[in-house]
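Presented sequentially are two complexes of subunit A, the first with subunit B as partner and the second with subunit C.
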Partner chain A sequence: MDLIVFYLFATLAVIAALGVVALRNPVHAALCLAVVFISLAALYVLLSAPFVAAAQVMIYAGAILILFVFVIMLLSPGVDQGAGALKWQRPLAAVFGLALAVELILVLASAVLPAARGQYTPERLAQIGDVQAIGALLFTDFLLPFEITSLLLLVAMVGVIVLAKKRVRS
Partner chain B sequence: MTVNHFVILSALLFGIGALGVLVRRNPLIMFMGIELMLNAVNLAFVAFSRFLQSLDGQVFVFLVLTVAAAEVAVGLAIIVALFRTRATVDVDEVSGLKG
Partner chain C sequence: MLDRYGIVALFAVVAALFPAIALAMAWIIRPKKPNQSKLTTYECGLEFEDFPEAAQNVWVQFRVQYYIYALIFVVFDIEVVFLYPWAVAYNALGLFALVEMAIFLAILVVALAYAWRKGLLEWI
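Let's turn to the complex of A and B:
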């Protein structure tokens, strides 16, 4: 049963990802990206990670995708007009992208994972709660990265305002 | 359903994302390719976290999410600023620093 759900959402994600790369209209590409995000959220549920699945839907499919669509509407860049100045660029890029995927798959398919030795078995997580466990980790072991994250978001906010505001010439 | 299933799917998505960054000339679609690559890495993180029975991977996904949100906000602001000054969104046209 799990395997059927995995293959369903995996094929959906791969087809939609190919759509993001191949479709010429940026709006269609953004909609394909939404399909990728939501199928990945389904896979996270399958991996018994409900917090990450919810965050995926809220942050990726919600915030980031809306930002993309907003900028597409703002700029209305139109349809991509095929190859540009360098004619050989596209076939070469396709070869390199495929080579990267094949290389990664060959290496990862032969990799052997060490035996599970963590303390968070699915049963234990169901008992203490996924969100509680992640929150406890965030505020103990990962407190410094968590605080640095807040600084990063502040810098991003200031940077966006500085970049996007109209210049006032004095 | 083993960890290899998820890791191979993650590798496929990463490859497709890299292909998108290399092939497309619209910076918006290139950003979508970067998002695909980040998502592929997130999937690998969650899969390893599940099969090693540790939550560190999920905490890392949380950090990657915030970095991705910040990166997209700044990147799209740069694209908007670029469109204002050059009236184009084609990365081939932006070659002012080329020798």
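Let's turn to the complex of A and C:
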């Protein structure tokens, strides 16, 4: 059963990812990206990580994608403005794409990816609840990174305001 | 693990079928007498008969102000993601975590106050 669901959503994710690259209309590509994000969320559920799945839907499918769509609507009204390809774009893309594929295959062929890390095995997480485990760790071992996150968000927001303010006024 | 998500799958199927059935029902039972006004694009607050170019071309450039709202939304969306595990594990964490979350929220309220002060929450 797990395997069927995995192949269903993995296929969906790959097809939608191809759509992101291949579709000429940037808004349609962004909608394909939403399908990719939601398929990945389903795969996270299969990996016994429901909190990561929920965060994936909320942050990526909800917030990040809205930013993408807004940038598209800000920058390129109209379908495929047809700005010509850069010089050497295709051969360079092929070379770099091939290099990345070889690298990924080498890493995945040799790497060992353990499902359990320290005391947190999937069985123990199912017992105590994965959100409880994240909450407990976040406020004990990872307290400083958590607080620094809020400073990072503050800096990001102030940066946006400073950069965007000039354009709003003018 | 997965059997508990059957209800989520059922919900997704119902959500997909609901608009399809509603539109199909309307298509079956409605009388079909189209005229010029009925066929124009409808959007709340806009009269396209006054702006014919808007009805034809919806690929217009959006105002940058939408983008600021979206960015502020992202910041607070991330804040909610952190609030959620805190709320679930609240009983096990105690007062210390409450203070820590208060500091976290206070720093983000500074960001909101800055945006407010700079007048970015007003629609120009």
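Heads up, the rule we're going with is that the second predicted complex is superposed on the first by the 148 of 170 C-alpha atoms of A that agree within 3 Å, B and C clash if a C-alpha of one lies under 4 Å from a C-alpha of the other, contacts with A are read in each partner's own complex, and residues count from 1 in each chain.
The working rule: a contact is a pair of C-beta atoms (placed from the backbone, for glycine too) under 8 Å apart; a residue touches a chain by one contact, two chains touch by 3 or more.
Nothing here was measured: the structure is a model prediction, and the numbers come from that model.
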| item | value |
| --- | --- |
| Partner chain in contact with A:V45 - subunit B first, subunit C second, else both or neither | second |
| Broader residue contact with subunit A after superposition on the shared chain, subunit B or subunit C | B |
| First, second, both or neither for A:A63, with subunit B first and subunit C second | both |
| Partner chain(s) touched by A:V160 [first = subunit B, second = subunit C, both, neither] | both |
| Subunit B versus subunit C as contact partner of A:T149, first or second or both or neither | both |
| Partner chain in contact with A:L74 - subunit B first, subunit C second, else both or neither | both |
| Partner chain(s) touched by A:L31 [first = subunit B, second = subunit C, both, neither] | neither |
| Touching partner for A:L138 - first (subunit B), second (subunit C), both, neither | both |
| Partner chain(s) touched by A:L113 [first = subunit B, second = subunit C, both, neither] | first |
| Touched partner set for A:L12, first subunit B, second subunit C, both or neither | neither |
| Interface residues of subunit A shared between complexes with subunit B and subunit C | 2, 46, 48, 51, 55, 59, 63-64, 67, 71, 74, 77, 134, 138, 146, 149, 153, 156-157, 160, 164 |
| Residues of subunit C that touch subunit A when the two form their complex | 1-2, 5, 59-62, 64-68, 70-75, 77-82, 84-90, 92-93, 96-97, 100, 103-105, 107-108, 110-111, 114-115, 118, 120, 124 |
| Parts of subunit B lying in touch with subunit A, wherever the complex brings them together | 1, 3-9, 11-20, 22-26, 28-29, 31-33, 35-36, 39, 42-43, 46-56, 58-59, 61-63, 65-74, 76-81, 83, 89-90, 92 |
| Residues on subunit A engaged by subunit C in the complex (per definition of touch) | 1-2, 5, 45-46, 48, 51, 54-55, 58-59, 62-64, 66-67, 70-71, 73-74, 77-79, 126, 129, 131-132, 134-136, 138-139, 143, 146-147, 149-151, 153-154, 156-158, 160-161, 164-165, 167-168 |
| In the complex with subunit B, residue positions of subunit A that touch it | 2-3, 6, 10, 13-14, 17-18, 20-21, 26, 29-30, 33, 36-37, 40, 43-44, 46-49, 51-52, 55-56, 59-60, 63-64, 67-68, 71-72, 74-75, 77, 80, 84-86, 89-90, 93-94, 96-98, 100-102, 104-105, 108-109, 111, 113-114, 116-122, 133-134, 137-138, 141-142, 145-146, 149, 152-153, 155-157, 159-160, 163-164 |
